[in-house]
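Heads up, the next two complexes both have chain A, just with different partners, chain B and then chain C.
Up next, the complex of A and B:
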């Protein structure tokens, strides 16, 4: 008789059963490797000008061609991929941390008497306020000031306007869990609320958090590219996929198609992994699969 | 119903007020429109008195406390005056006038995109759910997956490139820049047809993005409804899947969609920003970009106020729709 499967092994097996997971994972790993190594071996830098060849298509020297300003598109795309990956992954993690913090605290205290209800009401209204403020405009306001300090400020900035929907879902899930007997029992045994949340609530909502973090990476990358595209994101000494796309020229399609394809491959691979994870972690999700 | 609506509207009004106040304090605190009076922008020193007059006329004097400037702005707001444009542009155009000129240009984009996108998204999502795992469902799901994986600028580029390709091939294409052609006589049929043609590509872009996300939400809620007991009863009564869905299920499936509508308008505004930039439309989105990069405090807050009002109206409409669809909330 074979040994029974543990939860991790079961999830791993379910995850790798889907072809989407394989395609997504392979593409993602490939893109990360290319982002790390390609700028090291490629002969041009992202700001090296080759004006003699400006607006020429892909050649053996300039793999993706050269744009109007004589900048090599492959070098810029790879450098941009690095920045976009760092920002995407960083933002997704920070967003999930914020969402877990607000969501579990609001859900946990909501059933704890008058003061709990007030604290919960405050957090819910804060979430709603962040949902209605024009996030894009506020990011455009903050970004130039923050970019002067460091491009990494993009991570907290994007997270600040991305945690709300997850927090709302996590709050609702926590509210349901707080009513279960084992959480009640732990509460009456005098377990510290923080320990209680860490030990009993978070493991139960972990699958949602993992899925959301994965999909959050692609959302953050899309947000960053959009902001950089209109000129309020990553600034000069750095390049992101958004700034590469900014140099588009409709009469020379190679100026935007390669970076757009890299961006699309990145986002699609992450989304494919996210969907496969959702199926693996939540077997009941089949009815609500998107 | 009336009480429900008025309470909701009041809440949204307070939220809009808080959002724009917040934006004013941030913009006034972060931006430095007075930089125009000092080097490197100013070539020669500006006399102190002139400088003070210049700054006071625009309510951007850094010597006046921030909250005093906020109070001045608030006083203007009560009288329906949003101040004048400031920043590194010296022209003193009333923000109100600027907004009035630009709102019609942006609003037709946002409205058309949201309405067509919503209706299309709901229809596609319904079809996807009812004919689950059919070719249509797979095509729609794949299409929306693809559109949602691309940032708006890339979608615009794809549409523009296709148009350019058709233009090169057949010699006939849609206008890719400007909402109106200034060379044509205003009011003539040529000018009107140009306006309509210019609207096609931006609307395709906004519709596609709205429909993609809407059809996904709609599919999920429609699948939930399809699995419910009352729909099984309707089917047992002898209705076909599609019939049961349109007669009994659609209303229930639309209830949660109403709430997404409020966000859809905000998303359409963000989309219109890219559209206006890349199709060269002088609308609110362009104004937002230019006023933030010019450090125009009053202009920026004007744009925030506009989006707040837009969100307020769409959220009220969403609540109204929810009230009509769902008797339980009235």
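Up next, the complex of A and C:
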């Protein structure tokens, strides 16, 4: 009888069994490579104007064509892809960090007597408050002001309004884990609560955090492009996929179809990877059956 | 043969897994005749449950099955699902292990029983079926059945749910009843009642019965024939006397020897492994000082823990209280083992948690090594954490699955500030002490069996040279042969290291072999406390007697004599006429 597989090997095997994982991963890696290298070798920059060719379709010089302001669409799409990727991944990581912090602390203290219950109640109500405030309006309010400082402010701004649902799920998962005997045992040994959370709770909810972060990347990209599209996101001198789409001309499809396709490919590939990852990590999912 | 109800011929079931095929059952053959009770006995993973699910046609779709199962002359594998459905619940019925999840929580119990009747007899009117369900509940001994029939499963206790399941199983007077670990989730006194009920129901209907269990004590009182399974294969089959008194196979003998016996007072008379280990401990403790002269390790006086029952979401109103621990007092001396025995809900675990908190209890005092826990400073409490440690019930849940064994064992030592070299040394020593090898240190909990994990749990409790180890049902999740090994190890540790144990258990037969003194707990109160031998030979409180009488004895003759005194035949009078 062959030795049972280790956990990592098992997950890798399950992940790569799904065709969605392959398609998603290939597309995503391809898009990242293109985002890194294409602007280096392409002859036009995102803000170089070629007014002589404005509103012309794809040619061998302007791969995706030129918009009505004489800007090269391929150059802008690639630059926008860079920015969107950085903001998407950064936001997802920051969101998860916030959610882990609030969720595990609230879940851990909720079982610790009267003061714990009060602290938990505060964090839960804070979460609910963030869920009910009009996030879009507040982002539209703060974004232009923060943009003047740096486009990277987009990351904390988007994260601030995205961590709540994950935090609630993590709180519930932590409450479950706190009741398990190994966490109880650690408490009885006198292990410090912070160490206990870092050592026993976070590793055991890590798979969920990984899945959520992955899917959070695509959600953040959609949020950022949406905000940029309506003019409250990334602004000059930067360009994101949303701002590229903003310059659309409905009668000239080449002005909006290529960036839209890139955006769709990016979001779908991330979601496919996320789904495959979830199936691989969840023992009750379909992919664990043979 | 015309009276054969079920024939299983060369049954093999296997499941595909990630790396290889798992053979759950291999070449199993048996038959059950009308009115006969067959017990399939085996430890966890022996394939006993899978074989019965195969009979019901309830295996998951990815299972591959070969062989032949005939029920009343019909080949079960040739029937489609619709034809099987007409058999299930009518000709074959099943009693499951967990009565809470086997009943639908959103329907009244009476309705669920009448549903079984009406599915197979659509001509019966709803009113008649409802009346029948009340009769059935009455016959299984549910008090006030017409009111109870309108209640939901959550309003029933565990024992009553299992009675309702039996009522459902016998509703259509089946030819074959399959009971899969019907009493594992129940307390020992309830277990005795349910097994008696199942036996009388079977005798009443003359149905063939297949009882699947891991408990040899239950088998002795119930079965006519016994089939022993191990690692997916049949080991031995024979009459109940033959298996119990003249087992042919070594595995059967081991299985019987591993069962702790409550009926034998001299441990050496029992072939039990734990028993003989205990005999050795008894010799050692004789050389110790008399009990009164040894220092007190733990002293609990008038401990109380009351949970308020509140109502209302915004403004909490106290509407009552749950007296979980209600003024109990006991002490444990050095090197002593006190067993705290009681059924579920008696407050044993709450007592244990109160001690482990090392804080000021609601009422009463807890003293450890003479120090009152209410007067401890933070630093005192941290040091005291090394003196009092705990071993939990479930070896699967007690070890963090993401940490290697060495890190698990080092965790308490890190808290106490041990040096790195000392920790490494102690990890090796601890692993050898509990019967593992130092090479196990780099492995993860998932790579160990239940018994080995429980040994790791004990090693962790021993890590900082404790004075007192609190054991919360340390063997109840283990198979009997494994349980015997762990008990032997515990008895051995006590005699070698001189630690005291507070052994919390619901199982009297386990406790008899390991403890010096016994405290019997009921509804938060200690009803009896005394030396183990005294409590067993001469229980003074009625509840202690009841508990002792309910423990199943793995000896067919004794068990039968025992049963005839407790059977409740009245519950079934009038059954059958009602149809």
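Here, the second predicted complex is superposed on the first by the 280 of 290 C-alpha atoms of A that agree within 3 Å, B and C clash if a C-alpha of one lies under 4 Å from a C-alpha of the other, contacts with A are read in each partner's own complex, and residues count from 1 in each chain.
We take it that a contact is a pair of C-beta atoms (placed from the backbone, for glycine too) under 8 Å apart; a residue touches a chain by one contact, two chains touch by 3 or more.
Because the structure is predicted, anything quoted here is derived from the model rather than measured.
Enquirer: Is A:231 contacted by the first partner chain B, the second partner chain C, both or neither?
Expert: The answer is first: A:231 touches chain B but not chain C.
Enquirer: Give one of first, second, both or neither to describe whether A:182 is in contact with chain B, with chain C, with both, or with none.
Expert: Once the two structures are laid over each other on A, A:182 reaches chain C alone.
Enquirer: In the overlaid three-chain picture, which partner chain does A:214 touch, first (chain B) or second (chain C), both, or neither?
Expert: It touches nothing on chain B or chain C.
Enquirer: Looking at the overlay, does A:137 come into contact with chain B only (first), chain C only (second), both, or neither?
Expert: first
Enquirer: So in the superposed three-chain picture, is A:67 touching just chain B, just chain C, both, or none of them (first/second/both/neither)?
Expert: After superposition on chain A, A:67 lies in contact with neither partner.
Enquirer: Report for A:190: first if it touches chain B alone, second if chain C alone, otherwise both or neither.
Expert: second
Enquirer: In the superposed model, does chain B or chain C contact more residues of chain A?
Expert: Answer, by number of touched residues of chain A: B.
Enquirer: So, does A:110 touch the first partner chain B, the second partner chain C, both, or neither?
Expert: neither
Enquirer: Could you give the residue numbers on chain A that contact chain B in one complex and chain C in the other?
Expert: Comparing the two interfaces on chain A, one with chain B and one with chain C, the shared residues are 288, 290.
Enquirer: Where on chain C does chain A make contact in their complex?
Expert: Per the stated touch rule, the residues are 16-20, 62, 356, 381-382, 385, 389-390, 392-394, 397-403, 411-412, 415-416, 446, 460.
Enquirer: Under the touch definition given earlier, write down the residues of chain A that touch chain C in their complex.
Expert: Spelled out, the residues of chain A in touch with chain C are 1-5, 7, 10, 13, 180-182, 184-186, 188-191, 199-200, 203-204, 288-290.
Enquirer: Flag every residue of chain B that touches chain A in the complex, lowest number first.
Expert: Against chain A, the touching part of chain B is residues 12, 15-16, 18-19, 22-23, 26-27, 30-31, 141, 145-146, 148-154, 157, 160-161, 164, 176, 216, 219-220, 223-224, 227, 263, 266, 269-270, 273-274, 277, 288-289, 292-293, 300, 303-304, 307-308, 311, 315.
Enquirer: Within the complex, which stretch of chain A touches chain B?
Expert: 128-129, 131-134, 136-138, 140-142, 144-145, 218, 222, 225-226, 229-232, 242, 245, 248, 250-251, 253, 256, 260, 263-264, 267-268, 271, 287-288, 290
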